[in-house]
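Chain naming follows the written order as A, B, C and D, and within any one chain the residues start at number 1.
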Amino acid sequence: MKIGIVGAGMVGSSAGFALAIAGYANEIVFVDKNEALAVAQAEDISHAVPFMSATRVRAGGYADLAGAGIVVLSAGVGQRPGESRLELLGRNTAVIRSIVSEILAVVPDPILLVAANPVDIITHITASISGLPPHRVIGSGTILDTARFRSLLARHMEISPQSIPAFVIGEHGDSEVLAWSGAVAGSADLVSFAAQLGKPVTEEVRKAIDHDVRNAAYKIIEGKGATYYGIGAGIARIVRAITRDEGSVLSVSIQTAHVAGVDNVTLSLPRVVGARGVTADLLPDLDHEEFEALKRSARMLKDLSNSLGL
Amino acid sequence: MKIGIVGAGMVGSSAGFALAIAGYANEIVFVDKNEALAVAQAEDISHAVPFMSATRVRAGGYADLAGAGIVVLSAGVGQRPGESRLELLGRNTAVIRSIVSEILAVVPDPILLVAANPVDIITHITASISGLPPHRVIGSGTILDTARFRSLLARHMEISPQSIPAFVIGEHGDSEVLAWSGAVAGSADLVSFAAQLGKPVTEEVRKAIDHDVRNAAYKIIEGKGATYYGIGAGIARIVRAITRDEGSVLSVSIQTAHVAGVDNVTLSLPRVVGARGVTADLLPDLDHEEFEALKRSARMLKDLSNSLGL
Amino acid sequence: MKIGIVGAGMVGSSAGFALAIAGYANEIVFVDKNEALAVAQAEDISHAVPFMSATRVRAGGYADLAGAGIVVLSAGVGQRPGESRLELLGRNTAVIRSIVSEILAVVPDPILLVAANPVDIITHITASISGLPPHRVIGSGTILDTARFRSLLARHMEISPQSIPAFVIGEHGDSEVLAWSGAVAGSADLVSFAAQLGKPVTEEVRKAIDHDVRNAAYKIIEGKGATYYGIGAGIARIVRAITRDEGSVLSVSIQTAHVAGVDNVTLSLPRVVGARGVTADLLPDLDHEEFEALKRSARMLKDLSNSLGL
Amino acid sequence: MKIGIVGAGMVGSSAGFALAIAGYANEIVFVDKNEALAVAQAEDISHAVPFMSATRVRAGGYADLAGAGIVVLSAGVGQRPGESRLELLGRNTAVIRSIVSEILAVVPDPILLVAANPVDIITHITASISGLPPHRVIGSGTILDTARFRSLLARHMEISPQSIPAFVIGEHGDSEVLAWSGAVAGSADLVSFAAQLGKPVTEEVRKAIDHDVRNAAYKIIEGKGATYYGIGAGIARIVRAITRDEGSVLSVSIQTAHVAGVDNVTLSLPRVVGARGVTADLLPDLDHEEFEALKRSARMLKDLSNSLGL
């Protein structure tokens, strides 16, 4: 499948690099208002290709997106130190609006994969202005937070993160919810599982992991100015679920009719992702506290949408 | 890592083919008392290699196993139509005894991966006669039954089997236990998950899946005389967990000190598998009925061991 | 991409197993006149899937091929000990005729991938009766012989077969031609390359390799009754070139307008394979002897076609 | 295998990201004098892991390299716009000296993989000061230039770069030599191959490709400030050749006893790379002009070494 990537900054290029290494795309086209950057990224990644796959990588204009099955929206600006994800909003909304109409002029029925932050709001806007069915406008949402959650659990328990199907849901941001109570590995609930491994999830451990998942981005931004490898691989993972029509359960963000008592809100839940985009939504088993937290997260996003007149 | 495969029949060769395609082994050496067969399998698989990986594949004698990190025991005879797994026992025990001493003479500290049936008993014997620590003598156990369970659930729910971490435990055989009650996907318990997908796990569905998991081998044997691709890939999967030191949770069979009130019995549980072999065992969340079934399975295996004087 | 496999014997099932392990297909449908066999192969392979990819594997009738991008033709009968590839012809031609019309009724514009032997003749017939453009009817041809050639060279030189781009061309059979003189690795011609490695390609080595490439199938058949892993992986390799639109150079067989002075003959040359099938043919650098051998191979195939009234 | 990466800048982190995605390493440890950066890179990449492999990624001090099989040297500073590779030398030599002794104190017998520029000189120095056998101190050399060459040829001929085994040799820098005359694909020499494809390698095409290979880095640096994805994947490719003991032919730089009449000089040739490092060197077929160019490149590197008193 041909994949378009609009926004050839660190996130877009990391996604393209991951796609080329893993061989998930037949062709990648980068579009960026900074044309020299798009060309440089395409060249740099195309020099990785001879070692790995047969992916064709190049830079182009919107017209070169013709025939793409998926277009990734990674244009915008990274989070600055101290900046909240929602503060990024103003800077990114305008960018997305102009891009979406350019894409749709060339690719009438794409799956749009939104990575630009604040990803839930941008996904909401993208779905609305594109007129595409919501299940074809997929925000990366908490896919990254879920990866962080699993990565930390893996490190604590000294097992493979692939063996820990735990999820983070809600907003990709401060109000997100770690779905501890439904989390299970090896068909034992996570707490029992960890205890059996001799690595109990004490209240302290739990708090530390909760804190680290929420603050992972801030910590990375402090050290290197921005985050991009994790999300780049996350985008590649979603692309694989679509191009291989996997029906994989991934925590991604789409416009959702009802969740936790809130209507028409865009946030992340575990969802089934395949060739047609998202085909089903799942509500994890949540305890009272988690459910209330999800409600607050949904409410917050809804209020924000409302206040923006979306 | 160099991998030895003793028994170059359909199971051993399918495992070798899977290893070569996936690139999980640097070198594969087949040993079989039927030397011409070992040579033919090695040649056939080595013709697959130029398309896929740089694995070196050859046939040899026991001396050629020197330096192997893992030796797969797939010698023996396949299940005949109508034959129970336990009936195979007599035919396979003698074979294993002679093989193990040959291997240990050349590879002093291998991880042994037992596929020969009845796999739990053969694994028990292998651990005993080899004198290796039990966590380095790993039976493929219910890894295949677990795959069948996930495959059927995936088909029913129309999602990817990788998104369904459900397990089968106990004996690889008629008394095995499908651990339904701890099974969870997307952080929702399996039943709720399936219902949300509009594919409820009715009593009927459950019975059908239970029946099909238990009878998968019989059905395949009816159609093609033996089963080998599933178990071949299962062996390759265990090998990957070891060579990449993954710490993956896989349902495999090892000598276990206590399970469900039974001492020193060899059966499958979800276990953590990495470079050192099995590093931890897990008991899934089981309801009363499942626990009783596991007890019966353990009891049955124990009685059999006892009756064999093991 | 959805892949159909008509003929669920050892070759078809090995191809399906390789596809599922490598994750090159989204869906595989087996069709065989022996329905129980097709079901058994699909089940066995589907039990490999949970360890490897999200490929859906099932058995079906021709109607279930709807939507397939590629259909593999592996129906027929394997080579018996002592039987020449051409003697297989009578047994396989009739089978193919009936199958092709069934496929085209459901999939109007497939790429057909022919593995049935004698593969050059069967490919010729398939292209003719299907009315498809010749570049969409691809015989596996000498892809397997090329793999054998590289595998033997790799073993002799103790380097990776992926670093040896040598080719076998002409008939998949006794008259095939090892293109020694154009063979180059590391940008040095093969003979110089091997000498530099201290593994000279003496006349003796050359004869031994030539002999072993030509007799590989016979040797394997002696040891195990039939060959299937090599060709199964070869088919998977061609499928990858198509589904990923690679433009890879592979030695495959298609109806060719002119080669070595012979018109409209179906044999193998290195060809460029991508999403549209074969997009270009290449004539390797051949010395006089090799060119004459290719001519003889082409002539022989042409005479055979003529004698069959094709 | 455990891989150390000293220098967690863009090159080191791109290599680590590629390794984690492709699953070539069991464990990656980043060391950087900027500890916060090493931590940030390790965290960012570890969030990619749950989607891809079971690689453990973390930051540490030199002591944490204990047990590593390969240590990548990517510390130093990137090329600034307008800066020649050799001007980087002063800035990078001192860095390497201090690093090497720290590594050897912990890992007595590593394979060192040098990426720091000017890579040939730094590799020469590293081999000398480490006292390791030269075949275990491998500079990435022209592996990247070779990838660029293949990538441009692939684009021109519209075929897969994996099907074009052409090499760049000599210095990784302005004096490097494109080994056109020995280049062959599909067992036809490259020029004939391209002509057959209807994409002739005219003098103009040849000049353009030569120019673009030589100037690829400058062009990318202009657009994005530095190059890293190509070299990151190149490092991962060398790592794979070692960990899987492939015996792959790669153009890498090591101290070489004699080349083109120059003694003890460090530059790139196609070399066989496997578990023990480089096991053989190859001199491509070169025409007179190419051979003279290689001589000049070797002479230049030798003079530079001499002038530095190495």
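Just so it is clear, contacts are C-beta pairs under 8 Å (C-beta built on N, C-alpha and C of every residue); 3 or more make two chains touch, one makes a residue touch a chain.
Please read these numbers as outputs of a predicted model, since none were measured by experiment.
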Which of these pairs, A-C, A-B or B-C, matches C-D in more than half of the residue pairs in contact? A-B
If we define chain centres by averaging CA atoms, which chain lands farthest from subunit A? Would you check? C
How far is the middle of subunit B from the middle of subunit D, if each middle is the mean of its Cα atoms, in Å? 41
For subunit A paired with subunit D, centre-to-centre distance based on mean C-alpha positions, whole Å: 33
Measuring centre to centre with CA averages, how many angstrom lie between subunit A and subunit B? 36
Enumerate the residues of subunit D that touch no fewer than two other chains. 54, 154, 160, 162, 246-248
Show which residues of subunit C lie in contact with subunit A when the two form their complex. 23, 26-27, 53-55, 244-248, 275
Interface with subunit C, subunit B side, in the complex: residues 13-14, 17-18, 20-22, 36-41, 43-52, 54, 56, 144, 146-148, 150-151, 154-155, 160-162, 216, 219-224, 227-234, 236-237
Could you pull out which subunit C residues touch subunit D in their complex? 154, 158-160, 162-163, 165-167, 179, 182-189, 192-193, 196-198, 241, 246-249, 270, 272, 279-285
